[in-house]
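These notes open a run of structures that come right after.
Common to both upcoming complexes is chain A, partnered first by chain B, then by chain C.
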Partner chain A sequence: MTESLVAIVTALGDDELILGHRHAEWTGFAPHIEEDVAFSSIAQDEIGHAAAYYSIASSLTGLTRDALALGRSVDEYRHAVLCERPNSDWAYTITRQWLYDRADCLRLTALEESAHDDLRHLATKIRREERYHLIHADMWMERIAHGPIEGRTKLTQAATTVLSATAGLFEPFEREADAIGEGWLTVPSEELGRRFVGEAVDALDGLGLPAEVTPDGWRAEFVASSSGDLIATDRSGSGEASAPAGLGGRSGRHSPDFSALWADMTRTYRADPEATW
Partner chain B sequence: MTYEQRLTDFRHYVGAGGKVEATDWMPDDYRAGVLKFIEMHANSEMMGAIPEREQIPHAPSLQRKMSLTAKVQDEVGHSQLLYRIAEDLGKSRETMYLDLVNGRSKFHNVFHYPTRHWGDVAVIGWLIDGAALVTQAALLESSYAPYTRVLKRICAEEQLHLRHGEDITLELASGTDNQRAMFQDALDRWWLPIVHFFGPRSNVDKDLLLRWKVKTRTNEDLRAEFLDRYVPKVLELGFSFPAPVPFESGGHWVVREDDIDWAPLDAIKRNQGPETARRLELRRSTYEQHAWVRQALAEPATQVA
Partner chain C sequence: MVNEATADDVWVALETVVDPEIPAVSVVEMGMIRSVEVGAGRASVVVLPTFTGCPAIGVIEQDVRGAVSSVPGVVEVEIRMSFDPPWTTDRITLEGRRKLKDFGLAPPTGEGPVLITEIGLPSEAICPFCGSRDTTNQSLFGPTPCRAIYHCSSCKNPFEQFKAV
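Our next item is the complex of A and B:
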């Protein structure tokens, strides 16, 4: 009965931890000083959310939060592959944050109906914070989308790559049917995913980036704007080549990017498992 | 009033403890000296973010990961505050940034060295922040008022960093053999740079910044305060010092000046420290990669049909 709940909070915690880890890689190197400070705060928020999800998992499994965060092997992590991808450039980072926050907002709204008290309360708390992240990402997306061609081109390329990989955020959790039966989840992940694609395409359209989504729902083509200066997307150069991109994370199948991240992230913890840090 | 008369008045004014505001008249040498000093401080906060951020990915717990990120974030924030007051003295932030990445300006010696592991986070957070706090607290009495106002805030945050560093140190010191070895290894590598941090003995007759009370205490005076404050604590935790080994003399902890090898500091002054080129290149290439972002921010947003 609790296994399906553990599966959900572990996967959600992993999403936040791994994305927060990537975000923190910008600390000290963001495009300008004020943004450096802002983005470091977002990174801390995400890692803090991970800690909160792991607290629920901890109360159910008896493992400590840090053992959950840093003491598992590579294939025991359940985050979406999207979260582990390297930061690439600022356009990719912002687009990922923007689409992730939209996806997160949808699933948190659904979790606010969960039958599990702690999870429901946590969803409300996190959604309040994520709203600020979305305002931040919205500001950047508007600025770049309405700015010079170089930035718009990068944004279009990033949106194509990221949007297809967001599919990984809506892969069913392990034992999802049980979780639905228990009322821990109220909306199946695939259903949330369908809603998300619709919202994402509308939001991109609102930025003057009209996307046409292919029938499988996860591949975006960007069409030229009326000014004709939007360069058609070149998918050959995109990082996520395999189709459908970015799946497998929810069952522990990760990319080589994660092996490298995991080795870095758990290095000190693994060096001395007896130690208190 | 002639320049000479104004200069004499200014000398008397700061000599009597008067404070200078950005909009006040000041001698050209004073302006240039203060600007260079604050610019170096700002550069140091900016470059000082790098060694510690290198260890964020390796933080051994969620709490440490968040607090180290927050600490580095504070340092970047300090550089922002300092660049702003430096700008008021007549040099644009962009010029300062370009001078930094092209090696035309300086930053503190300790940020020219590599970090190896979590022991470095403890030594940086406790001993290097402790050293910085000794020098910055002394600058609270500086004659340049805008600097003292910013320093007040920086010192308050540095106090928290110091506690963070001390906490990590105590965790390692009271931990496993492996953890104690981590701290000792880091101390062995960082001790000489920490002694260098305060600089060589001040030349009181030639140092304009001292004469104009921008700085109020000599390098050797600040180093002495640091040694007295921290050496006993490190020894109490059971760690040992490499050269220059501190010893007790007349109720104070001191290092023999002949025991200090100044060659590494001289190399750093020429921007030839172990990590100088790599870190400046990182800053420079990041700056270039973000040219399109600056463009997007600079141009007024256009309406897209």
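Our next item is the complex of A and C:
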């Protein structure tokens, strides 16, 4: 009965931990000091959210939060592949933060109806804090989308890549049918994913980046704006029946990018798992 | 004759526990203590963390445990962290707000419950140094998860505000 709950909080914690780790990589390297601080702070929030999800898993499994966060092998993590991708450039980082946090808020809103008390309360708390992340990402998306063509081109390229990979956030959790049956989840992941794509396309449109989304729901192609200056679509994949990229994370299938991140993130823990800090 | 500890004794002890990053204000003034129950030498305290990712939470839990353990008559202590209800900035007491300001940290503005749609909007911040309202938000993020950075156009000082949440 609790296995499906453990599966949900572990996957949610993993999303937050791994993307938080990527955000933290901007510490000291962001374009200016306010962004150093912003991404460090957002990373701290996300890793704190991960710790809170792991606390629920810990109470159900008896494993410590550290063991959950750092004591598993690569294929035991359940985050979406999107979260482990390297930061690439600023446009990619901002677009990923923007789409991830929108997706996160959508699923948190659904989790506020969960039958599990601790999960429901945590979702309410986290969604309030996430407002700051959304405002941060919105501010940057506006700035880049309304700036020179070079930035806008990078933004549309990033949005094409990231939107497709957000499909991995809405892959069903392990034992999801059980979780729905128990009321831990109230909305199936695939249904949330459909809502997310609709919202994401509307939000992109609001930024003056009108996108057409192919029938599989996950591949965006940007169309020229009325002024004709937005011609940034990479049409190399156009017309092909492309499957959404970045699937497999929810069942532990990760990219080589994660092996490198994992080795770095867990090095200290693996050196002495019994150490007291 | 053994002294029976009361909930009031525990509340008094909790007045000495501070957030190590804001040592001017107690956890009681921050509104972080949801409840205290005492009976037969056993004290149960429910703590509401301010920000989920606050790195001070572990230290605060330890300090709360230490303070409650030191109350005469308390032999067993249970500390529980809860997000029910979520800690919100309107829980900070008036005295807590005054102490935040004296500490150099602008308290969150506004009164009453903070609606989720109001969180993060550029709120008015009053300069804790000169009292001016002629201030500008420089960044929503600061040195801790709970602080935003402002600049005062009157006295030209940068300052931090406790973020509304």
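Operating definition for what follows: the second predicted complex is superposed on the first by the 268 of 277 C-alpha atoms of A that agree within 3 Å, B and C clash if a C-alpha of one lies under 4 Å from a C-alpha of the other, contacts with A are read in each partner's own complex, and residues count from 1 in each chain.
One rule holds in what follows: contacts are C-beta pairs under 8 Å (C-beta built on N, C-alpha and C of every residue); 3 or more make two chains touch, one makes a residue touch a chain.
Fair warning: this is a prediction, and the values are worked out from it, not measured in the lab.
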Point to revise | Simultaneous placement of chain C and chain B on chain A, clash or fit | key: fit
Check your understanding: Now for A:59: first (chain B), second (chain C), both, or neither, which partner does it touch?
Key -> neither
Exercise for review: Have a look at where A:51 lands relative to chain B and chain C in the superposition and call it first, second, both or neither.
Suggested key: both
Practice item. Check whether A:25 is in contact with chain B, with chain C, with both or with neither, and answer first, second, both or neither. Key: first
Review point. Using C-alpha centres in the superposed arrangement, which angle lies between chain B and chain C as seen from chain A, in steps of 10 degrees?
Key: 60
Practice item. Go through the superposed model and pick first if A:259 touches only chain B, second if only chain C, both, or neither. Key: neither
Exercise for review: Go through the superposed model and pick first if A:272 touches only chain B, second if only chain C, both, or neither.
Suggested key: first
Review point. So, A:147: does it touch chain B (first), chain C (second), both, or neither?
Key: first
Review point. Which partner does A:34 reach: the first (chain B), the second (chain C), both, or neither?
Key: both
Point to revise | First, second, both or neither for A:132, with chain B first and chain C second | key: second
Exercise for review: In the overlay, answer first, second, both or neither for which of chain B and chain C A:42 touches.
Suggested key: second
Review point. In the superposed model, does chain B or chain C contact more residues of chain A?
Key: B
Study note, to complete from the structure: Superposed, chain B and chain C have a smallest C-alpha gap in Å of 5
Review point. Hey, what residues of chain A end up touching chain B and chain C alike?
Key: 34, 37, 40-41, 44, 47-48, 51
Revision key, fill the gap. The residues of chain A that touch chain C in their complex are 34, 37-38, 40-42, 44-49, 51-52, 117-118, 121-122, 124-129, 131-132, 134-136
Review point. Which bits of chain C are touching chain A when the two form their complex?
Key: 51-55, 82-88, 114, 116, 119-120, 138-145, 149, 163, 165
Review point. What does chain B use to touch chain A in their complex?
Key: 46, 49-50, 53, 56-66, 69-70, 72-73, 76-77, 79-80, 83, 117-118, 171, 175-176, 178-179, 282, 286, 289-290, 292-297, 299, 301-305
**Study point:** chain A to chain B touching residues, read off their complex
**Key:** 17, 21, 24-25, 27-29, 31-34, 36-37, 40-41, 43-44, 47-48, 50-51, 54, 65-66, 69-70, 89-90, 142-148, 150-151, 154, 207-208, 225-227, 261, 264-265, 267-269, 271-272, 274-277
